[in-house]
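Each chain gets a letter, A, B and C, in the order it is written, and its residues are counted from 1.
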Amino acid sequence: MSTRIVLHEADIARALTRISHEILESNKGPDGLVLLGIPTRGVTLANRIGALVEQFGGTAVPIGSLDVTMYRDDLHRNPTRAPQRTHIPDGGIDGKVVVLVDDVLFSGRSIRAALDALQDIGRPAAVRLATLVDRGHRELPIRPDFVGKNLPSSREERVNVRLNENDGSDSVTIEGR
Amino acid sequence: MSETLLFRGALIEGTQAADVIVDGGVIAEIGPGLSRAGATVVDADGLVLLPGLVDLHTHLREPGYEASETILTGSRAAAAGGYSAVFAMPNTSPVADTAGVVEQELALGEAAGFVTVQPIGAVTVGQKGERLAELGAMADSRARVRVFSDDGFCVWDPLIMRRALEYVKAFDGVIAQHAQDPRLTEGAQMNEGAVSAELGLAGWPAVAEESIIARDVLLAEHVGSRLHVCHLSTAGSVDIIRWAKKRGVNVTAEVTPHHLLLTDELVRDYDARFKVNPPLRREEDVLAVREGLADGTIDIVATDHAPHPAEAKACEWHAAANGMVGLESALRVVQQAMVDTGLITWGDVARIMSREPARIGRLAGHGTPLTEGQPASLAFYDPSPRRTFTTDDLRGRSVNSPYLGRELPGDVRWTLHAGTVTVADGALLDAPGVRA
Amino acid sequence: MRHLLDTQTLSREDALRILDVAEDMADTQQREIKKLPTLRGKTVVNLFFEDSTRTRISFEAAAKRLSADVINFSAKGSSVSKGESLQDTAQTLQAMGADAVVIRHGASGAPRTLATSGWISAGVVNAGDGTHEHPTQALLDAFTIRKRRFGADSRGRDLAGVTVTIVGDILHSRVARSNVWLLDALGAEVTLVAPPTLVPQDVSGWPVRVLYDLDEAIAAGPDALMMLRIQLERMNAAYFPTEREYSRRWGLDPLRLRALGADSIVMHPGPMNRGLEISAEAADSPRSTVLEQVTNGVSVRMAALYLLLAGADDLSTDDPAPTPAKETTR
């Protein structure tokens, strides 16, 4: 089993900087943005991106978390997971541009669940998706708006994202046969 | 079956080895180094020879509850357990409160032929506790009833109990009391104590048994009667009997095998196999009744064999019936609780499971000495194996045993009823005396 | 979690997990759309052998808010009243596709018998069995105490050092029993107050203090005072002489309410006998948590159903935690 580092700490920092600029560019500024990270590491990334967006855009942008456990379509196939915190910032999501933030985009099912969850919470003006890594193998017609790195992979390989706040260091690795 | 049997090397009541020749329904010879032409030789090396066991407290369910057991199936279960005689409790349907019913039971027992079935007569009509049944008629009948009981129910009315105690003196009868104050045990489900407090099951306090025994021994003393106490279960009851005997009261007491081994902790899973009346008690009570049995305060072991159909036990606790089958397991449990713990000897076992029950019940021909000329009602028991008790060990119609899945020592190898073989080489015969 | 039968065998970890998931469930109940798709396609059967509209409706609401299908089976007038056994009733429901059975039964131990019998494969939730346990009630009580104490910061917290006094018919109360075990597991200190006739004969092994005097208990300043409903039938079995005497000695009247600390909460599992064990003033005071308990009941029951049904069959041990059975030494 071989492990390969795909993104080092500096690569991650650059990717997040670029994503933050792209978000501001596509939204024509920071107004109306709400960042919602998908636990666990999506929340960390949302916090980092939020700080960068505030730095580049000049205004603080609401940041929250959106747990999708209750909306997954594959619950019965896995051991029960405890749900994580969903925190919708004051001001809600009605009429806002919600940017979902996740660490790895794979089958797309988590994002589908996130869209269902958003629907029960309110009515955003638009929903965008930012992901640090897109490793392909989509099972649903879902595409990201902002990508840190496109990472072609085979299904059997494992993509691991480590972030300082969660794991003590920053890296993205791929583990294969 | 007129087969002459020569048992070689049995341990007579667990002590010295000897050979035993059974011929013509009696012990023809007993001693070392015997031989007899034409006799079938059985290797009894290592087997303990006991007089055929006598159970003073069995529920055979016939007439009326044949779905649980019949006199035939119950007799077979008894023989499998090393018994040659059982006393059948009268809580049948109709209740055994007349000469007619007890004679019928006797006839059915004789037809079955595996053990001597001695009917017990009810104390009161229908066991309702209101009027005395025709105790004299039952005593004079072919069934020659000497033991009377309303078992299942307590003879609660003190006046009725007094009269019953007095009345049976006329024919050397004895009242066997099921000691349970009904007012203190209304709706009771299990022993009242720490476990019942946690489980939310209504309690059956020890004092409900002890207060009745205390009253009855005083009554028996006052009117000069014999008294027998059924299935004694608490430490306090042992103390009362000890006190009464010291005073010279003519009282005898029995304990069940399950009260010698099991405690109310087993109720925690609400498994209704452990639901019984009187209920399983605390560890202190188990130790006290063991001690009482060892020192003679408690005179005998009686099974209170109580068969029930599956649906009466495979349900929620509250809806389940009280009772456990016990004939097949009795000797093994007594070995586990009393012999292997060093509390009693096999000689004591002969006394408490054969001699004394026969004497209390005034049953001739059983619990007799192991000497020449005495009836050959015998049990040959191997104390050495240890095996898990399963439904394969049960021979009656019902399987409500608390020992299923539990390891118990011992194995009944041969049972004889007045010279007729009922269990041969560990296997219960299909018909008494008929061996393949 | 395969079954939820009691709090006596519920570990501190499992209890906190249920309470924390209940927080998440409570949050969703603040949204405009209170439903979650989580248990879609699952069937929950309410198997109620005892009348209880409140608890049944609470479980029904919980199941429906998780998008499960609900079947209500009430024993009155059904085949059970004609003598159908628990086994046959349960297996009939299983044959109809029940994934979970919420059972309320008059016989202590019936849920455990159902769960261990092998008659059904569905998960079993005890909604109250005889005088034994009512685990979801204790969980919603603990949730309520925690919420009042820690507010939005409740997640992950236990009740260490919180003092709870439970007043009433302890002997016949499954709510009391479940609360004793759960509160102890969460670190709270429990005091029981009752007439001597309504305390079980042997509670020496319980992690509680027992008092017969309610005024003495209130003077000790409990953080939570939980009043239990008194059943008037008990009067006929000589547990206490009259309603009046019971209320006078063990009722939460206005005087006692004033003596209770300003920060103490007053709890009642309902339904209340206003004027008997609890005065109207106490029941309606801002310190009363009676209505919150009802709301929290739905969140807690949603959590219980979620943890029971959402995941695959546990790969670890499925059986209910074995109860400690000590026997005589050989």
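Everything below uses one rule, namely that a contact is a pair of C-beta atoms (placed from the backbone, for glycine too) under 8 Å apart; a residue touches a chain by one contact, two chains touch by 3 or more.
Computed from a predicted model, the values in this text were never measured in an experiment.
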{"item": "Both-way neighbours, i.e. chains that touch chain C and touch chain A", "value": "none"}
{"item": "Most centrally placed chain - per-chain CA mean versus overall CA mean", "value": "C"}
{"item": "Most distant chain from chain B, judged by the mean position of its C-alpha atoms", "value": "A"}
{"item": "Chain A-chain C separation of Cα centroids, rounded to whole Å", "value": "40"}
{"item": "Whole-Å gap between the CA centroids of chain A and chain B", "value": "76"}
{"item": "Approximate Å spacing (C-alpha centroids) for the pair chain B, chain C", "value": "45"}
{"item": "Complex interface listing, chain A residues touching chain C", "value": "67, 69-71, 75-83, 85-86, 116, 119-122"}
{"item": "Chain B partner contacts - residues on chain C that touch it in the complex", "value": "8, 85-87, 105-110, 112-113, 116-117, 129-133, 174, 177, 200-206, 322-328, 330"}
{"item": "Touching residues on chain C, where the partner in the complex is chain A", "value": "1, 17, 20-21, 24, 27-28, 31-33, 35-38, 66, 155, 306-307, 310-312, 314-315"}
{"item": "Parts of chain B lying in touch with chain C, wherever the complex brings them together", "value": "189, 192-194, 196-201, 203, 205, 261-263, 265-266, 268-270, 272, 283, 286-287, 311, 314-319, 336-337, 340-341"}
